[in-house]
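Read the structure below first, then the notes.
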Amino acid sequence: MLGLAETLATAAAIFGIFMSGCRHVRSAIYLYAVQTALVASIAFVYSASEHTGPALNISLAVVLAKAVGIPFFLGWVVKRLDVRTDSGAFLPVPLSMHVSIALFATSYYLASSLDGAAGTFSAAAGATASISLVFTGLLFMMTRRLAISQIIGFLTMENGIYLLGLHETRGMPVIVEMGVLLDVLAAVMIAGVIVFRIKKNFKHIDVTRLTGLNEQ
Amino acid sequence: MKISLVPVPQAQLSDNLVDWLHVEDRRLGLISSLDGGQLVTLVLDCTDASAQCWLTPLDSDVYHSLTPSVPQAHWFERALNDLFGIRAAGHPRLKSVLQQSSCKGNLHPLRSIAQCGNPDHGHKSDNSYLHVSGEGVYEIPVGPVHAGIIEPGHFRLNCLGETIINLEIRLGFLHRGVERRLTEIPWRSARFVAEAASSDAAAACAIAHAIAVESMSDITVPERAQYLRTLALEVERVSMHINDLGGMSVDLGWSWLAANLSRLRGMTQEMAALLSGSRFLRNFICPGGVSVDPDARLGELKRMSEVVSKQLEVPINAFFDNSSVHDRTVKVGEISRSAARELGLVGVAARGSGIAYDARQHFAHGLYPALAPAMAVETAGDVLSRLKVRSAEIVGSLDLIRTALDNITSGTTSSELPNKLPGDTIGVGIVEAFRGELIHLIFTDKHGAIKRYCIKDPSFNNWTALAIAAGGNLVADFPVCNKSFSLSYSGVDL
Amino acid sequence: MSTILLWLLTFSCLLFLPSLTIGIIRKTKARLQNRVGAPLWQHLFDTIKLLRKSETVSENSSWILRVNTVINISIMITLAFLTPWLSFKPATSADDLFLLIYLFAAIRFFAILSSLDPGSAFGAFGASREATLSVLVEPAIILALSAVALSAHTSNLSLVFALTANTPISQAPLWLLAGAGLFLSSLVELSRMPVDDPTTHLELTMVHEAMMLENSGPNLALLEFSSALRLVVLYGLSGQCFLHALHCIWPFASAAGILLSISIIFALAVVTSLIETVSVRLKWTRAPEFVAYGLTMSLLALLVALVTGVSS
Amino acid sequence: MNSLALLTAPLLLWAVCAVLVKNTRVLGILTAGWAWLYLAITCTLAAPVSLGIEPQVTLAPGFSIDATASWFMMLTATIAAGAMTHSHFFFQEEKLREPRPKSTHIRLFYACAALFVFAMTAVLLCDNLGFLWISIEATTLLSAPLVYFSRTRHAIEATWKYLIICSVGIAFALLGTILIFASSQHTSLSAGSLSLQQLIQLAPQLNYPLFKLGFIFCFLGYGTKAGVFPLHSWLPDAHAEAPAPASAMLSGALLNTALFAIWRLLQVDSACHHGRAAFGSNLAIWMGTITVVAASLFLIRQHGLKRLWAYSSIENVGLMLVAVGLGSPGLFFLQALNHSFAKATLFLLSGNIIQSTGSKHLSEIHGLLKLSPMWGVLLVAAACAATGVPPFGSFISEWLILSASADTGRWLVIFLLLSGISLSFIAVSIHVSRILLGTPKAPGSYRHPVLGSLIPAALMSFLFILGLTTGGFVSSTLHIGGAL
């Protein structure tokens, strides 16, 4: 029997998988936003139902910043840079979606072996979803061309880690949580600025073509 | 503008033309003949908006082809072969532009009667296709009767799997004898035939005709009439560009956008009706000015143009914002800048390939070049860049319509015409129609009657580009590619 | 008595639901485009009109073209009787999941054969496109149906789709995913947007329509009816999955199933018309990506079925 | 609380100055002033702790100065003060060259440098794994604009790699931190804790498999930040493309703080095993050894002057990691001290050389001895110090690391370390001799060679004296740092 939180977590992981199969950058950002909103709503569920998770206002801050603010910012960046599609560098996009399904299955076995989540699927569902999100984010970063996709991949990974934190520990101490959030926001901002600069200097934001510094 | 004939001997024609086209801002207007006994070459110089007409007498039916050194001459030479029976020796592919069924035997419709005594005179026309052979290559015939309500034209696609290897275009199913007819009717009535040469560009055709006639007999057009002509031309441009974008949405399968754009197209036709009384701007522009003065309807026209600009924003933004549209149009139907220059492309196709040529910037018609809007040029040369040029021109034209309506002067709208045209003169009208540069070239005989009426529709230059652009694309993308050029079938079949 | 009523209801569904569903799609599309649109029953009128028309057959075609229609419609009707695409349909015993798959494959096989028969270029490339799409789509349909079959521990679809089956809330994601996978796959299978445009006039872009170009008169009428029937059966199947998901969350009385089954088909028709209004047709080489989404849903459904099956 | 305000005040004022003062010349002098003031305050606060007068100073909840931290704080502040003073001269020179740096860019540089130093200090002060993570991520974010300074294609590429690789690495460290937190919830303290002191106390009760997993992820993350092979790929790019003072801080201070974070975690790990060398220590020692060998191999084929020193930094990181793994904070600090001073000198000097000759490529820099004998001598001395040649303290620390490894019977490690160290010495000597000898391509253009060598010379003379007096110093550090 899946609880509400686990169902939401699984849904977030599934949206992550869809994101990995998305060639259009803007759609990927939308899917990221949905996935983040789901992750953040889990924090709500924990704080409301179990009184063990982070406080409601923290969850609200997370939702506002990550599920609304960052997608808006990324959407603005994408519009300004006029990039649309990221066709993928090493794996065709549909295939990378199926690889992430395989990684989802792998996450299940990893999660079952993690202590405190023994046996049933329902117990391992939260951990499965979070590990799968980490994998999906990593895969997204590695198999995409655009700098902006790397940011999205990083954020997805961070979502997975946050979800794992929620699931395993019911939330880190508040001040740490806020610090992490601040760091992530700053990282996205700085990365956004650098993406603009890459576009200006290189006329593209294809990181697989940033090879000026490779060892001769 | 009024121009005079410059004799150019046959041996020098090719070299002269190459030298002329070597300069960036010079263009080839058209190549034709008066009665089959000579070549007439109209060349344009954009820097000082001048034109020259080279007359090359021919001593036989065969002359040395210009196409090997000037590729853009190829379609003109094919037309010469069909219409006059003048054969270009050494032409790489002298395929007929007319269908045999529409022209019995080897009748060459524009050859003078004297030279046309023998119906078998001239050369057998060649209507063959270029076949591609090899394993897995197959042919798809499309047309001449199409599923949609469009003009007749036959496309023969040689495909390998889902990729087009070669596209053969066969036009000329409905030869109407427009150019011939224009020499047979009284010159006062010629405008009705002239504006029907390509009816979706009626205003542009009528202006080109009017300018050609006016330049011959030095008629000055009242300023108000110039404003009204400009308005007509721009309303037509907006209307047809919106129509083309709408057609593109249909071909992309985007029904919401198509429905919106067809509604807006209706509004622009309403604007045309306000201006001229005709939704297709027929019978409005005449030599000497315009036939009716819209008077008070201009206020309504302005209000409507504002409504159209406002309502266009959403669909156009949605169109270019859509990622699937980008998928279907980016790197599809590409024409490189060099190819566009070699083929002498005009209009949207040229500007989409990075060639900054817009007749409004150089040649006087209506209030141009004084009022010409900034040129929209894209460099990618694919379907998307042509679409972008089109939408930028819609915006530019709507702005221009408002500017013209704000500044329009009062006064008469037409001036007196003489009884007859001066003898042995040449009149030329060059107009930027919505498809591109349109040329009407009129020669009179010594009595002042029209001896030869030559029309170069913009599609004349661009059809070959479609054939080239389609190659290497998916079969299913051909309609999109075709629509992006939006060419006229009847315009090349006069 | 109630059995006879059920049979009557089923029969009328079989006869009128296809035309009505097509009518709903077309009417909704027209309204979304600010058009009045054709009457709701236009598809039926067209069918009747076509049935009364005479037939023109290409000189190059053989008996295969004629036979195809009969085979096509008969298999389709058999399929519609066997498959539990309506929750109230009287169950027959031979409704195995794989029978269904093979019957669909048989229809496709004969359709492809008949479109190749007259030797026209359009029919040939339509057939080639259809074959390509079906290779991509078939696994998705099989996987989606296998996922629900796996959770019910039987491949008999009547038992799988019986609403009396144990439906705990944890099964809801499985049913939802399977339903979504089936729906996306059926959009491709039925040659609808964004993979194919059923309303296009451009022969070069057609898939399904290109295959039917050589048919006319009664032949065409029957093929059109068969394809409309295929639409409702496939929508009905994915509708049944959604119905189960609903049942997991909010168990309803079985009598309500009659109404719900039909209205879910209509709802999917409305969704289809929405998709067809706002979406742009995909580039042909991008079609596999769309199919991949359907396949992903089915794969996830299967994964959920496997995992929950293992643990329960 | 007062001491916290005292510590942060100069840095914040420094950052505020960078925002307000438009004249970069004045700003440079002001910045140097703030940096030295900061060093003075740091010494006042930290010296009592490091000398054992006070056991530990708590600045705020979760932030305190302990003995090891006090040493590193002073080291970081010294490097920062040196780099900032030099950066004044550096930018004055840079303004003579095309493309001229914009004054807004210089001000951004100074502002970020202040916050960067602040973040590095925070890493050293943290008594909480959560804060530790936040501070380390902050060092990445704040130093990225430093690397980005010149805004050339290469600089942007290097910044992007730095930002992305380090952010991903640090994301793993967050995962590790969460797992460690989860492992602490299985103890008597069911709410869990991230406090290092509490974790060390609770160590025997921790859920060890979870903790171990967390430790691996943290090691991965902070190791990326420290440039441990094979996660080092960002390091040569960032160090080579950053302006010289920033490279000096990255190499001389930032790497130490990343290693410091690993050392903190190892404290907990060894507490789990009642102080016996165990899993974490072995991991650190082996990764360190591999890093030394890999870096020395990379050193052979280098084309860029600053890339050379970057790989030499990686090699030193390996050595420090071995010291960390051996559980000796004293050795770790001694190696860090020598490396930081030497590497800061090298980067600052390299910056001068690049400015003077206009090239970063080793193949285009020759005849340094003719060009500027003073720089030549300093470069040789610093290179010797970086590779552990006898008169300098790094020789002693490397010797001690080897002997400590011998004590625990790790002969393979010793063999690998020895070959790595000697290989890198050979490689660096060859490269340096090529730079020194020969004839310069063109007369160098440098306006104030004396001012430009002020800081390198000061750092080197300190290092030289340190090397000569290390005997006593070693005994004192080792005494304070704990048992070897």
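Going in written order, the chains are labelled A, B, C and D, and every chain counts its residues from 1.
The rule we apply is simple: a contact is a pair of C-beta atoms (placed from the backbone, for glycine too) under 8 Å apart; a residue touches a chain by one contact, two chains touch by 3 or more.
If you're wondering where the values come from, they're calculated on a predicted model, not measured in any experiment.
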Subject >> Middle chain, criterion being Cα centroid separation >> reply: A
**OP:** Could you tell me which two chains share the largest number of C-beta contact pairs?
**Re:** A-D
Subject >> Label of the chain whose CA centroid is most distant from the centroid of subunit B >> reply: D
Subject >> Whole-Å gap separating subunit B and subunit C, where each centre is the average of the chain's CA atoms >> reply: 48
**OP:** Provide the C-alpha centroid distance between subunit C and subunit D, rounded to the nearest whole angstrom.
**Re:** 66
**OP:** For subunit B and subunit D, let me know how many angstrom lie between their CA-based centres, rounded off.
**Re:** 71
Original post:
Where the centres are mean C-alpha positions, what is the separation of subunit A from subunit D, in Å?
Top reply: 31
Original post:
Can you list the subunit B residues in contact with two or more other chains?
Top reply: 327
**OP:** Indicate the residues of subunit C shared as contacts by at least two other chains.
**Re:** 286
**OP:** Would you pick out the residues of subunit A that each touch at least 2 other chains?
**Re:** none
**OP:** With chains as vertices and touches as edges, which is it: line, ring, star, complete or other?
**Re:** other
Original post:
Which of the chains are touching one another, listed as pairs?
Top reply: A-B, A-C, A-D, B-C
Original post:
Contact residues on subunit D for subunit A in the complex?
Top reply: 128, 130-131, 133-134, 137-138, 140-141, 144-145, 148, 151-154, 156-161, 163-164, 167-168, 171, 174-175, 177-179, 181-182, 185, 192, 194, 207, 209-210, 213, 237, 240-241, 301, 303
Subject >> Parts of subunit C lying in touch with subunit A, wherever the complex brings them together >> reply: 168-170, 173, 177, 286, 288-289, 292-293, 295-296, 299-300, 303, 307-308, 310-311
Original post:
If you look only at subunit A, which of its residues touch subunit C in the complex?
Top reply: 1-2, 7, 10-11, 14, 17-18, 21, 23, 93-94, 97-98, 101, 104-105, 108, 119-122
**OP:** Write out the stretch or stretches of subunit A touching subunit D in their complex.
**Re:** 114-116, 134, 138, 141, 147, 150, 154, 157-158, 161, 164-165, 168-169, 172-173, 175-176, 179-180, 182-183, 186-187, 190-191, 194, 197-198, 201-202, 207, 210, 212-213, 215-216
**OP:** Mind listing the subunit A positions that touch subunit B in their complex?
**Re:** 24, 26-27, 84-85
